[in-house]
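Reviewing the structure listed below.
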Amino acid sequence: MDIKSISMDCTRPEFVGTAVLDTIGLVIPGVDDALLNQMDVGTRYRSLGVFSSRTGAAGQLTAIDEAVKATNTEVLSIELPRDTKGWGGHGNYVVLGGQDVSDVRQAISTALELTNKYAGELYISEAGHLEFAFSANAGHVLEKAFNAVYGQAFGFLCGSPAAIGLVMADTAVKSADVDIISYMTPNKGTSHSNEVILALSGSASSVKEAVLSARQIGLELLISMGSYPNIPGKPYL
Amino acid sequence: MDIKSISMDCTRPEFVGTAVLDTIGLVIPGVDDALLNQMDVGTRYRSLGVFSSRTGAAGQLTAIDEAVKATNTEVLSIELPRDTKGWGGHGNYVVLGGQDVSDVRQAISTALELTNKYAGELYISEAGHLEFAFSANAGHVLEKAFNAVYGQAFGFLCGSPAAIGLVMADTAVKSADVDIISYMTPNKGTSHSNEVILALSGSASSVKEAVLSARQIGLELLISMGSYPNIPGKPYL
Amino acid sequence: MDIKSISMDCTRPEFVGTAVLDTIGLVIPGVDDALLNQMDVGTRYRSLGVFSSRTGAAGQLTAIDEAVKATNTEVLSIELPRDTKGWGGHGNYVVLGGQDVSDVRQAISTALELTNKYAGELYISEAGHLEFAFSANAGHVLEKAFNAVYGQAFGFLCGSPAAIGLVMADTAVKSADVDIISYMTPNKGTSHSNEVILALSGSASSVKEAVLSARQIGLELLISMGSYPNIPGKPYL
């Protein structure tokens, strides 16, 4: 088998594109019935968009949230595998549905583009990682993933090793008037990741302030462990 | 402690051998009763064969399936830890039982040998991995692991990141007349791996065609993510 | 953002220190009520100590056990994420409570110091790892984590890939008069780690003998897989 004869420029109709953090976006124009029945996402949609990354969840989910809002698509499933390629967090696997393959293709394409922006608040060092996300106006994807309040501001913070995440969480909720909408630990709600995760709602300015306070202390604690993080994207908060 | 004084040529009676993908095969001639009670595999067998790899499941399980068919042994347990040494899949941990330690030793020895063949359809790149397996005649190990139909052809396909696996699955079931016997995702049936996994039954030629179609599109999609996979074994399909 | 402007000498009051195996120790002097309610550890303590590592569990838990015994603190939660930075085991995440922040700070500080000693029995090679722990006099932390008998000797052994752990377990229970208090495998009690884990009680000399027998055969089997382990700490058994 000569795999080098396969081009990196994929010409399959299922292929939409790729993005940072080992992300791929694909479509299935008309999914096989027997497979759809296995997928447990109902049978309303035959045109599926499929999105998946090895590293990161909240940034990509914020991107997909925007993409779904901007297109005539619906989120069908969100799963967070234990991944980050040896680090302590999650990857992601999301399935969207639409009446038309052009709708799901547009949603996936937009999601890939926005991933390059929204996955910017990721800090990965030798010792651990931090992840942040913010949306001024959460849609159904963030609602489904993290109990975001539809139409309200949404904030997300995550630290690894998990102890860093807990102190970040405490700092966040003390720094501004916010509500806790999700709280996740290795044994609770994660895929056994080495993280404490907090999702918040409130006014946009309060939520943003909470996330920024968490980011500051998170960075100081992560760096105390002896190495500076790489920032694979471009911070946007 | 001078660990360098320990030889890589293990002389313990429990040691049978090693194989690719960080695989080890061992026997316990007469397992301790208290331990056997903990193991929840019944008390019929005191001679146990134990097999375990850091990377891969379906290829090794196909090898063990053949080995059990060829010996007077029975599969007692199959567990798939979240592993692949930082990649998105599983390792394996299998316990066999036999009336005689020579039976289980033979089974483990054969399984190790066949692993070097059946773990050949594994493709691992910077971005993710693909795994495939095929048996013309599934035995009790594949039945227990993946709901294979005893005596029928069995096919297995798996892609990571998970979105690749879903498109591979759809391609497979459309390419030939096959039945889905197992469907697994990060949240369903895996150990939170970043994979979609499909197992198939049908005629040998249909199952093989389905797996080969999945392999072709899987390679194209994996390679689209920017790197060519290493192939630690030797492809045999 | 200029993260290089953040010093590795953390001056935050929450910071206590770091230790080997990517371990951090922190305190929260007065945890936020809403966060405490999410944590499901009761509301008796507002001063929390938080401890977390990327690699290892039993060694650090033995250290924390001693630290809690020596201070006026109580263990509130113990969680073992799937981690070891791409290897087959667990990290850890522990929350302690105390009436006073000085109590929890002392406990965390002691735990970090003792981690550098008690995490010494860790052996990590290319192929897998081994972990051991021993306490002559188990306290509430080991009781909570592994069903240790309070006030009795406690032994812990763990091997990866999992098959090595099972043979280590059998060797251990045959080598001395000990009782099994915990038995864990990929599917049972772990976070899908590629390990078999055994915890033991009995007389101090029996438990120690069992652990040392397991260590000897564990090293021989691990080394048979083709590489010598690194020993990040200093063996103490």
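Per-chain numbering from 1; labels A, B and C assigned in written order.
Everything that follows uses one rule, which is that a contact is a pair of C-beta atoms (placed from the backbone, for glycine too) under 8 Å apart; a residue touches a chain by one contact, two chains touch by 3 or more.
For clarity, every value in this text was computed on a predicted model and none was experimentally measured.
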item	value
Copy-to-copy rotation for subunit A and subunit C - C-alpha atoms, rounded to a multiple of 5°	120
Same-residue or different-residue interface between subunit B and subunit C, half as cut-off	different
Gap in Å, rounded to a whole number, between the CA centres of subunit C and subunit B	31
Shared-contact residues (touching 2 or more other chains) in subunit B	82, 85-86, 191-192
For the subunit A and subunit B complex, residues of the former touching the latter	1, 3-4, 6-10, 12, 14-15, 18, 22-26, 28, 31-32, 34-35, 38-40, 48, 50-54, 79-83, 85-86, 91, 93, 95, 191-192
Footprint of subunit C on subunit A - complex, ascending	82, 85-88, 123, 126-128, 160-164, 166-167, 169-170, 173-174, 179-180, 183, 185-188, 190-196, 198, 217, 219-221, 223-226, 228-229, 231, 235
